[in-house]
Each structure stands twice: as C-alpha cells, then as structure tokens.
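Note that subunit A is present in both complexes that follow, paired respectively with subunit B and with subunit C.
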Partner chain A sequence: MQADYLDGNALAGPLAEIFAADVSAAVSRCAACGQTGPVASLRVYDRAPGLVARCPGCEEVVLRLVRSPDSAWLDLRGAVTLRIPLRDGTGPGGQR
Partner chain B sequence: MTRWRVARLTKVRDENGTARTLVFDVPDWPGHLAGQHVDVKLTAGDGYSARRSYSLAGPEGVELTVQRVPDGEVSPYLTLDMEPGDELELRGPVGGWFVWRPDGPAPVLLVAGGAGIVPLMAMIRARRAAGADTPFRLVYAVRSPEQLCYTDELLRPDPGVSVSLAYTRRAPEGHPRPPGRLTAADLGPYGEADCYVCGPTGFVESAAALLVGLGHDPARIRTERFGPTGD
Partner chain C sequence: MTTFTRGFHGRRRGEDDRLPPGQYLAEDFPVLSAGPTPHVPLDRWEFTIDTEAGQTHRWTWQELTALPYEEPVVDIHCVTSWSKLGTTWRGVSLDVLFEDVESTADYALVYSYGGYTTNLPLDDLMDGKAWIAYRYDGEDLTPSHGGPARLLVPHLYFWKSAKWVHGIRLLTEDWPGFWETAGYHNYGDPWREQRYADD
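Showing the complex of A and B:
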C-alpha cells in the first residue's frame, strides 16, 4: 500500500460541493471490519481518477468520489452507516 | 453547498525564504473556525486547472501561509509570482473535524511538523483573539532555523501558551536540544489534553504513535496530513 496518502480532511471540500452538512466530520462504520471513526481520519489516496478513502483499520475501500465535468459519482459501498452531526447552522461550525 | 468564490490578493508577507503569507479579500466570507481550510483553484489560459488545499492561518479573514515546494505546480506561483490585485478561486471554509473552538475547556497539545504549523497557529491566534485561558502547549518540529514560520510571534510571551522548538537536522548554536527526530521526550510528560497533529504524512504517523505511547487517548488525537510534499 502506498504511503503517500492524505486523510479524510481532504474530502471536506469535494463533499461540500454535494452536501449541505460537513460529511468530513461524520462518523462512518467500515463495512469490512466494523471500525468506526470520523470520515476525516480515513486514508485518502488522490493519485487516481478521483478520491479513494480507505479504512485506517483494515485498508478496505470505504468511499470513492469521482467528479466529472457535469456530475459527481459517490460510491459509499464500504460504509455501513454515516452519522452526521447536525448543528442548527447558525453558530460557528454549523452547516459549512 | 459550498461554492467557488473569487478571492483578490491584497497583501503578502514573507515568513522565511520559502514560505509566504497571502491575505485575500473575499466578499461575503462567512467566517470560519481555527483549523479549517480552503481549496484553491488555479486555471490556466488553456482551461487546465489545478487544486490544492491550504489551511487558514488566522481566526478572521482569509489568510493563507504557503510553503514553496520545488517543482510544485501551484505553490511556486503563490509564493513567487502572484501579486496584490491578482485573483484566484477558492472554496471554503471546509473541514469541521480538525478544528478548535475557543469554548473548549480541555488543555490543548499542538504538534506541528514543518508547514503543519499553519492551522495550529490559527488555533493559537483564535485563543488569543477570544481571550481564552485554555492552557496551550505547542511542539514545533522543523529541519532548521531557516524553516521557521511566525518566529517573532511565537517567541513573544503569550500567557498560557508554551512553545518548544525541535530542530530535526540543524539547531542554532546554543539551542538546548540536539538536532534529531521528534521523540516521546519532546511530547511528554503525559498530561490530559486534546491533541492536534499536523504535518507531512510520515511525521503525523510517528507523532501520533508517540502520543498514544505516552498514554493519550487515540480518540482525542486529531490529525491532518498534507501528503509527502504538500504540493
């Protein structure tokens, strides 16, 4: 496995293009090993078409995101659930 | 949804020989939390565009500190060629996990590797701006004195904030710590804290492992990696 990965913080911008809530702060559960943790702590490989986020526990793919000129392809097959913190959107850190 | 905004460069400040702070005017900037970042997009005349993420360096306004990466695609333009009045596109603020809020009561341990100082400096500045008394400790690892950013500001006394420098290759004469990799002794002794670690991927891996070894709860260690080079 290459060592030049980023972390899920790098997904914040690309996902902010799609979702109103900050998905990088969500907690995901890996479909392969069951580990839970913030999307921001996934290992993100960006030297590919799109972004591939892998579980830091078992290295299985949790999420893939590919952007074409007119659409975004989001593959969430490796995430059983996403728990997305919701604030009222008025305070700092609200829906950004 | 976060849209791309046009940002106009208003001011630049050299931090050292290879890093520069850029201050942008961004109409309707919504404000941000310390630790958040922006995505920057540069588009060439032929339509080719390159994107990079940069941490916001201050608690208010859009201020980025960029480290020049030799042979980089974006950072040489930002650190050498871009002039006040020039524009680029940026998207943000983004990232709600690697953030510090001034109402956080827990003591804070910041661990920076090289240009990883930027979002941590934003936290120190946000603490000062909010008048918070949360104890802060910064351990800042850099190769050599020439690589330091924000030197004067970090060396100025800031009550409640302790700063230690760890030179990894070459230390200035008289520095008490011999140059070398970051060790547990640099980060210890253990004290209950929220930990924020930012730097190149390898640095973050080893610093986070040292913190866990000292007894820190992995759930209270937040990390931000900017890859092997940062560009």
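Showing the complex of A and C:
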C-alpha cells in the first residue's frame, strides 16, 4: 500500500522560509518517546490543512507548520530539542 | 427514522450561490488526514459525551446504530478550498444523543481515535446542525473518510467534522483543538471565510 505520508525532506522548503539553516539536516528528539533522529526521517502528513510531522517511533506529532497568506505558524511542542548543525561559531558560554 | 434534505430549497439553487468565497467545486472527495488512519474494531468502538459535571454518557456501536437516524444531504467546504455539493450521509443527530444530557456548558471539544481534537460552541452541535455519521453515499463510511463514524457539522469548515470521532467533552471554557492551536480560525465559518486565526 502506498504510504500516506512523505519523509521529512518535505519540510526543507517550507522551513527554509523561516530558518536560515537547513532544518531537514537537524536532529530532533521526540517529546513523547524520546527517540532521536534526523528531521528528514520524520513522517510528514501533507494532505491536510498544514504539515504534520510525526515521530517514526511512536507516531506522535513532533512538529506542525501552517502557512497562511501572511504568517507561518510553527508548533514544536512535540520536540524536546532540535539540534541544528552550524558552522564553527561562538556558543552562549563565550568565546571558544 | 426521519429523512430530510438540506441544501435544496424547493427550486434547486445554482451551484454558484452554494459556493462560499474562495472555494472551488471538487468532483471527487479528497482525503485529508493529519496522521495515520486509526482502525477501531466495532466491538470495541464507543462514543461518549462527558459533561462538565463529570458525568459520562456512552454508546456502543450497536446502541448508536439502533438510534433513530437521519439522511442529511449537505454541501461540505474544506478549508483547503474545495467544496462538494449535495453529499449524502446517514447518521444520528446530536439532538438525539443530547436528549438525556444535562449541561450548562457553552463549549464542546470533540476528540477522535488517533488523538485529533477540534472545538466549537455547543450551540453549533444542536438544533439539527450536526450528526454522528456512519454512512456516506449509500455505503458504510470507510476508514479513509473517518469511519466507522465521524462528526458531520457541515455549516463550518470541514476540519470541524472530526473523522474517527470518539467523544465530546463539554466545557465551561473554550479549549482550542488541533488546527485551532496551529493558526486556523477558532470558529471556521466558510461563508465569512474564517480560515486563519485573524480572519
């Protein structure tokens, strides 16, 4: 049977509008079950009024994105963290 | 049983009059879903109404389908801009299910198998405006369209017509549901084009 969802790479374009970094390369931790994995491995339900990205481990919602004509609504309640790879830089603790 | 028809008022209105602003006519019936399709065996299915006082009213599948039903013919309007005219359903009016429910609550939070929720004023479920529907177009409602049973509340955008409906919680304060907490309008009247939160 054909899957009724896409993989998390489907988030790359819609999230690029908001984040400078490529979020599909980020690692998310599921708030429901703790599973950690790349955003690209989330299951994205796009045949809906918004994008709903679910954890491949427990199927709970990790991220939701609704785009209205003048706003993006991003819900990250289902993610404990997003670890976003960045170039060498300075952390909040000071200079390195 | 009661049978009646909505959407047709003697003379059949033109299709243009029946299309809310910003909507187009769909010939097919698009399937929208925010998650995997739940498959609930009928012998374990139940529908509940929980009141603000903590009372629970329950119906098994057999009990629900033994109640008097109606066969509404209604136009439905999805917030993603498709509308479908003259859809035929069979279901139990919420007026029947609320007959013995005592409540002074103003708000309802509808919840589904699979975790979906949507909110609406309790008044919008009463007086012949809403059904628990279990047949569509002469067939049992398929899981992809929300079977075994879905809420049908066609005067609001179709995300309010929760698929795989499990129950209704009556509340004294409004509690926004799945799409209502993510940028969609709290009420969702298609004729006033209430799509997003600020519309």
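Everything below uses one rule, namely that the second predicted complex is superposed on the first by the 84 of 96 C-alpha atoms of A that agree within 3 Å, B and C clash if a C-alpha of one lies under 4 Å from a C-alpha of the other, contacts with A are read in each partner's own complex, and residues count from 1 in each chain.
The criterion applied here is as follows: a residue touches a chain if its C-beta (ideal position, glycine included) is under 8 Å from a C-beta of that chain, and two chains touch if they have at least 3 such contacts.
Quick caveat: nothing in here was measured; it's all calculated off a predicted structure.
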item	value
Subunit B versus subunit C as contact partner of A:D4, first or second or both or neither	both
Partner chain(s) touched by A:G13 [first = subunit B, second = subunit C, both, neither]	first
Between subunit B and subunit C, more extensive residue contact with subunit A	B
Contacts of A:R64 with subunit B and subunit C, given as first, second, both or neither	second
Partner chain in contact with A:S41 - subunit B first, subunit C second, else both or neither	first
Subunit B versus subunit C as contact partner of A:D75, first or second or both or neither	second
Partner chain(s) touched by A:S24 [first = subunit B, second = subunit C, both, neither]	first
First (subunit B), second (subunit C), both or neither touched by A:G50	second
Subunit B and subunit C footprints on subunit A, overlapping residues	4-5
Subunit A contact footprint on subunit B (complex, rising order)	1-2, 30-33, 36-39, 53, 91-99, 101, 201-202, 222-228
Complex contacts: residues of subunit A adjacent to subunit C	4-5, 45, 47-50, 52, 54, 59-61, 64, 66, 68-69, 71, 73, 75
Contact set on subunit A toward subunit B in their complex	3-10, 12-14, 16-20, 22, 24-25, 38-41, 46, 85, 92-93, 96
In the complex, subunit C residues that touch subunit A	30-37, 79-80, 115, 159, 179, 181-184, 195-197
